[in-house]
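What follows is a set of structures for review.
Two complexes come next, and they have one chain in common, subunit A, joined by subunit B in the first and subunit C in the second.
Right, the complex of A and B next:
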């Protein structure tokens, strides 16, 4: 069943001004419950605009957004419910921390939902556990944490609302490789444990290729393609034309194909590439 | 919502008015204001209005903006006209109802005052429409530089103004982002009682303050790394130059000023 669905969603910035710009042009997509989606696109391709429609922070100029099959813009009261159903983590979410302690900050969302003390407590500890914050860190001021820890605390703040769909805008930007891996491992774990929909916006094909069930590629406000990773990376030439770098290993295999080794066009992980090359060399696959 | 706030009201263009040296433009605007106060009759105000209209036409700033600049002072215009209309009791009676009385003199003074206020606003908004805030601070720094003699930190004040102007759009954008992030966590900013609304501001102000301090520190470090040490011996990338346009503008303004003074003497 579709958790988020858009029908001919169009959004225009600065309508009736000289600065008019179509940010989204008739986007019709369906995102199913429990899916892990990678959203990729160039700067200005409409990624951020699109995800802000999913939880009603932005209102479509025309077209519809349905969450759980409901058009929440039709009913103002639903708007707030949708924010709890679709959790949105902005880019650099650590700048939104404000409470005295990390625990209180994580509790901000659940508190706004009107839950009772015990439930809030459970959710805070659940979320903290998921992102790997210790009980000691929970009692610290958010401003005492390191950059990566702050980021994880902020993500926990949204996870604690236990949204049916969790959307993260560039969750790993500005972190070192170790921090990046940690965030992505954490998201993978969250996805397998909670079985909720996760949508990750990223610039890096490499990161997205590793975990996404389906990849949504945006280009200049329209959907370029929305398909499984093998099919998306099978179009690597076109992707490069719209200025998106495909994973390095896909490029290597592409060059090998050009040289006459027929290795197929759907290679996007190093493990799979290794298998193919070893098989070609006649080695036994371990 | 927040993006609708425009900082200053600079309307870019390349008209002769835009090209004037901001220092000269600032001085001429002051001259225009003095001119309006020197005018003693409706004729004088008429000359001021003519000056204003010609300058506005030359600047190619849309007339709608001229009208827009008047919007905030509508209450002031109303209060001035009402006060003058009903409280000046000299002159012939035009209209009477109970204790209210409008006289010819009241009517004339009201018109005169209102016309003067409108011209004041239009004239000074022409300056801000055609001069970028940064140019304006530069001009102010130049014009105030004699005050350095009496140890007024003119450069530092101007630098503070420049930095403030530079960071207002950045902070607006940041506020917008933080507001959205907290809304995504279910904060109610636009609903609820007054107390709820105030409480709803805390999650926005704290992150905003924290990031302002962070930015201030980063900027200070960056400036120090480039050996910034205040105004002493500092040269400018963008030099202000006066040109023949400025001379023409000065002559043009002075002619109008002279016309107003002449009118004052002739019409007694």
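Right, the complex of A and C next:
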């Protein structure tokens, strides 16, 4: 079943002004419950505008957004509910930490949902555990944490609301390779344990290739494609034309294909490239 | 031989005065780094390793607790040298929005020159030249906030170029950019280095960017751990991974094939080399 669905969703910035710009142009997609989605597109492709429609921060100029099958813009009372169902983690979320302690900061969302003390507590500890924050760190001021820890604390704050869909905008931006891996491992764990939908916006195809069930590629306000990683990376030449960088190994395999080695067009991880080349060598050596 | 940037046995600590007694955190522990004029050096290290702190020592934002830093032969601890040092070694930061001050692109680029009291006709000439160099001349009358991230960073670079610097220090200039913006900035940096002999120090988390430098230094725990050509550094795949860093995908693919017993060079850092080497293997195998 679809947790988020858009029907011909269109959004226009600056309507009736000389700066009119169509940010989303008749976008129709379905995101299913429990899916892990990667969302990519160059700057200005409409991906941020799109995710802000998913929890009602933006209202469509025309078309519809359905969450859990409901058109929440049709009934204003539903809007609050949608914010709990669809959790949005902005870029550099650590700038939004504000409470005295990490625990209180994570508890902020659940508290506003009107949950009781015991349930809030459970959720705070659950989320802290998922992002790898210790009991000791929970009692610290958020400002005493390192950059990576702050980022994880901020993400935990949204996870603690246990939204049916968790959306993160560039969650690994500015982190070193280990920090990036840590964030993605954490999201994979969250996804496996909670079985909730996770949508990750990223510029890095390498990162997205590692976890996504399906990849949504946006270009100039429209859906360029929405498919499984092998299908998407199979169109790597077109992706590069619309300003996206495909993984380095995909380009290497592309070069080998050009040289006449028929290795297929769906290679996007180092592990798969290695297997493929070794199989090819093994077949020939026998 | 005289070095353009010269840090000798530099120690640096941040002091948190808010604590009682003040807490000192030593960030650089006896770092010696010498950079030749015209060299393109990439600095790698995970978050908190001290690499930004070191870069800030090179344009006298940070003064070492002990040891010395000289820029073009001028010591950073002599206040009379501050202006010539900052003119000679300009710095570009991660977030383009934090370093743009004016409301029109060309006024932003002229900002430092105006403060330095340069003749208006000379300002005009240098601003135009700097904007042409970074490929932003046609945007000279635009408002900076309407530019893309990559364009904003190029404007920031132009602001520094207008001062005719010998050296540009860049602290993760591409961290907030999409692949297209990253390429624009990297192409600009490389061109300045090759065509105008500008000394470049580039701090980055992107291994593919570091692979394009003449030299890579790796900083870990406030100490300079590795120093060499990209080939030499990236051929140490296990060391790099243990440091929480990474190597380019092509290097890792070649390394994995080597580990599996195939005869493939260990110092592969470009896609072309990788494709050629694998093609050679496949041909030999058949």
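Assume the second predicted complex is superposed on the first by the 282 of 286 C-alpha atoms of A that agree within 3 Å, B and C clash if a C-alpha of one lies under 4 Å from a C-alpha of the other, contacts with A are read in each partner's own complex, and residues count from 1 in each chain.
One rule holds in what follows: a contact is a pair of C-beta atoms (placed from the backbone, for glycine too) under 8 Å apart; a residue touches a chain by one contact, two chains touch by 3 or more.
Note that the structure is a prediction, hence the values are computed from the model and not measured.
J.: For A:255 in the superposed arrangement: first (subunit B), second (subunit C), both or neither?
T.: Touch partner of A:255: subunit C, not subunit B.
J.: Classify the contacts of A:179 with the two partner chains as first (subunit B alone), second (subunit C alone), both, or neither.
T.: second
J.: Going by the contact rule set out at the top, does A:84 touch subunit B (first), subunit C (second), both, or neither?
T.: first
J.: Determine, under the contact definition given at the top, whether A:57 touches first (subunit B), second (subunit C), both, or neither.
T.: So A:57 only meets subunit B here.
J.: State whether subunit B or subunit C is in contact with more residues of subunit A in the superposed arrangement.
T.: Partner with more touched residues of subunit A: C.
J.: Going by the contact rule set out above, which residues of subunit C touch subunit A in the complex?
T.: Per the touch definition, subunit C meets subunit A at residues 45-48, 94, 148-150, 172, 175-183, 205, 207-208, 244-246, 248-250, 252-253, 256-257, 260, 262, 271-272, 274-275, 278-279, 281-282, 285-286.
J.: Within their complex, state which residues of subunit A touch subunit C.
T.: Residue positions touching the partner: 42-44, 146-148, 173-179, 203, 206, 243-245, 247-249, 251-252, 255-256, 259, 261, 270, 273-274, 277-278, 280-281, 284-285.
J.: For a test of understanding, state which residues of subunit B touch subunit A in their complex under the given definition.
T.: 174, 177-178, 180-188, 202-203, 206-207, 210-211
J.: Given the complex with subunit B, which residues does subunit A contribute to the contact?
T.: Touching subunit B from subunit A are residues 52, 55, 57, 80, 83-84, 87-90, 93, 95-98, 108-109, 112-113, 143, 157-158, 161.
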